[in-house]
Amino acid sequence: MKIVFEHLTKRFPNRNRKIKDEVVAVSDFNFTIPDGKLVGLLGPSGCGKSTALNLICGLEKPTEGRIYFEDLDVTDLEPENRGVGLVFQNYALYPHLTVRQNIRFPLENLRGDKKLSKEEMEEKVQAAARLVQIEALLDRKPNEMSGGQQQRVAIARALVKVPKVLLLDEPLSNLDARLRLKTREEIKHIQVKTGITTVFVTHDQEEAMSISDIIVVMKDGVLQQMGKPQEVYDEPENLFVAMFLGTPQINVFEGAIKGEKVYIGDEAVMDAKGAGDRDVFVAVRPEGFIVDPDGPLSCTFINREVMGRDTSVIASHKLFEGENIRAIIPSEEDVTPVDGIVRFSLKPFKVKLFDRISEERIRIKS
Amino acid sequence: MKKNLTAWLCLLPALAFLLVFMVYPLVDVFIYSFEEGYNFASQSYFGVGLYNYNYVLHDPYFIQALKNTFIIVIITVPLSTGIALLISLELSKIRHIRNFFQTVYFLPYVTNTLAVGLVFMILFKKTPYSDGLVNILIQFFGGKGVDFIDGPYWAKMFVMCFYTIWIVMPFKILILTSALASVNPMYYKAAKVDNTSPFRIFYKITLPMISPMVFYLVITGFIGAFKAYSDEVALFGTDLNAAGMNTIVGYVYDMLYGNSGGYPSFASAAALILFAIVFTITTINLMVSRKTVFYN
Amino acid sequence: MDKTQVKKLEKESRIKETARTVLRYFFLALWALLVLFPFYWMILTSVKSYGSYNSEYIPKFYTLSPTTANYIQAFTAVPLARYFLNTLIFTVVTTGLMMIVVIFAAFAFARLDFKGKDIVFSMFLSLMMIPNELVIITNFVTITNLDLRNTYLGLILPSVTSVFYIYLLKENFELIPEELYKAAKVDGTSDMRYLFRVMIPISRPTLVTIVILKVIECWNSYVWPRLITDDKNYFLVSNGIQEIRENGFGRENVPAMMAAVVVISLPLVVLFLIFKRKIMEGVARGGTKG
């Protein structure tokens, strides 16, 4: 089921009552979450992504704007009538109920012609448990299980009533690093298997990029960019998105375009066809550096970190001392600084230019 | 050594007071209860045995007190806990003037039971010059007035229970309100998203989660109600036997001092019987709770 | 689900929610009325004149000619001021003494090491289960034999210690990190200095709680004073009001009685309104009625 936002805005009164200004958690959202996709709502903490999730499920009501499920206006519909499944950050498993009772809970709420018999419920509980692989744990209480297992139960409970939308709030934040990798794969797997439109919220860009069909990047309540993870990574529309996506972080230099050439300091590092003269931010992905004794960019070599598959070169540019740059190069390549200097040339495709003032992307002809 | 001395010096006042006014009396009450024919004036007794218990258990005043106490317990404990639960639940769901309600509801806790009891007596009593406000209300709605203070037993018992509930409510509401506030709201959100009816949310989520506190209130409620006394005095005066409204604790005090007083042996026997009853009920409560109360 | 269904569901939830809210406030207001009405009635009656009160077969819910005569009578016809003073002395002295006893005992249990500490403490704890009703009998005999009936000492002595408050304070003292104690020891601070300069200031909220609970308890205490005093000069307000009820103002004078009730109730109600939060927190933490 597709979800449509139309000028959706949510403002909260400021927590500090002395300040009259309202906090805008979600500002004028106008986009569509397509049917059957896994969508990652991504942004730093406090950017309003959880509010957006709560607006979809109805726990919060928008200040302005409408929400549609397909073409149905659900803006004023209470959460219980929306038919969504929600997985809470802390899972919200009822501690006094067993796993089976927890998963069965939403089914027992069904009334009227949707009411299920005991056997039907048990069947659905079993099916949901099988989907998340916790059949063996059905008689345990939540506090007798690990975080990862609780997470699965929470997902099973959200899925058992076959919701039209599955919403997950920071689904991996309470898990340790190893479990996170595993669980995110499973979330992807479950989503593909069920085909349910799934929206999850995260502040971890790697997590969002790795499993989402579409990522939605937010900052201060404002949508920054939306698209397939690779597209957003390759073609960020502003400096924030460029800096937020990718580890290690993109390297940013202050530079300028002069005569269709990009300068960092006095060095022309690459061509910029079709771009007018102005001050810019030159953002270079770590993998965009090539160690090149004749390269235009000369940096002071600081350190080399061996990762095995590749190598990180830490260096600093003389104009921006104290701000290290990090270049990632294949481990077989040789880095030998000459007099403490290492020189780079840049892969144009890995360099993004942004206006110094608006921080918007400047596109150049290739 | 010096350290030991400081410690014992610090403890000395507490230990001394406790020995004189708690430990010694505790032993003594057993001794009293078995000393037959103890005479207060000469502090002498005839023999040792169970006569005091026998006497108390056959004393019609004690039987009456036992009956009254049990009725008060059985009526007020479930009712007050239930109503307090309902009030706290509704209280937790409102935002406007909630603070005002909480303040008002707590007022009876800080009032002097004896003093406010007088107001209740005035409201319920029939006098030659006025039937009292409550009776006038009853008559207004077409009922027949009755003297709640000097009238039939059921009427007196009604005021008694009403006043007891009025007095114990603040504590229960306070405890339950804070118990309800400690339930993580995410459970309610989860239940709401799953289209759970309010009743089911209460029965399946809220109640189990606050069950330890409810249980605590039931236990303390039982213990408190079994020790009922001042509220009775407030409504019916010090001569509770004459009013037929005595309680076990009242019986103990009357035996000790007052119109029929001067018999610490009988008082001790009665007090120990009360203690045995309370102990038994509390044990049963604890056993029941093992099966029903949810501890996280 | 289609649009009409959505509209229907929206409407249903709105109606349900409104109905619930209305019922909720009605119910809460009803209980508030039940709680407040006796207070209203006692104040109202206390300002009605004796004549007008007795002439109202159907009592009026208001009065147009309030009078202070009943208050004057309450203070002149019966020794209300005396009861007040007694209660004040009783409350202050009992609470003060108890705080000293409790603080030292809690300090010994929480911070000092001595032989037999565990045994003594578990004996303390077991005393918590002993109901007052069991020990009051012997205490009555003890005080009588010591010839302390109708004295302040007799009133005060049995209630200057409380196992529960010692326990509460000990738990609180133990929350203070032991490093502070060790640091103080290294600096050569004596135990007593440490207690007064560090532990007591840090534990102030708990101490205030205990004081408040004890003051409420003292102000309202009835049973022990009744047993131990029969001389009006030593009556506390609870006994006083009972005395007024039974022997009264020579005749059945309800307005004067109500004036006395108002005067007696006032101090704690005022105290409550000032320290509302503290009192409610304190009671939630460690109070029971009676």
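Letters A, B and C name the chains as they come in the text, with residue numbers starting at 1 for each one.
Here, a residue touches a chain if its C-beta (ideal position, glycine included) is under 8 Å from a C-beta of that chain, and two chains touch if they have at least 3 such contacts.
The structure displayed is predicted, hence computed values, not measured ones.
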A-B or A-C - the one linked by more C-beta pairs in contact: A-B
Farthest-lying chain, centroid of Cα atoms versus that of subunit C: A
Inter-chain centre distance, subunit B versus subunit C - centres from mean C-alpha coordinates, in Å: 16
CA centroid of subunit A to CA centroid of subunit C, Å: 57
Averaged-CA centre spacing for the pair subunit B and subunit A, given as whole angstrom: 59
Touching two or more other chains - residue numbers and ranges from subunit A: 78, 80-81
Touch list for subunit B against partner subunit A, complex: 184, 186-187, 189-197, 200, 204-205, 208-209, 294, 296
Touch list for subunit B against partner subunit C, complex: 3-4, 6-8, 10-11, 13-15, 17-18, 20-26, 28-29, 32, 40, 83, 86-87, 90-91, 93-94, 100-116, 118-123, 127, 129-131, 133, 136, 166-171, 174-175, 178, 198, 220, 223-224, 227, 229-230, 233-234, 237-238, 249, 252-253, 256-257, 264, 267-268, 271-272, 274-275, 278
Subunit B partner contacts - residues on subunit A that touch it in the complex: 57-59, 78-82, 84-86, 88, 90, 92, 94-97, 105-106, 108-110, 143, 157, 161
Residues of subunit C touching subunit B in the complex: 20-21, 24-25, 27-28, 31-32, 34-36, 38-39, 41-42, 45, 54-59, 100-102, 104-105, 107-109, 112-115, 117, 120, 124, 127, 130-131, 133-142, 157-158, 160-161, 163, 166, 191, 216, 219-220, 222-223, 226-227, 237-238, 241-242, 245-246, 252, 254, 257-258, 260-261, 264-265, 268-269, 271-273, 276, 279-280, 283-284, 287-290
Touch list for subunit A against partner subunit C, complex: 72-74, 76-78, 80-81, 83
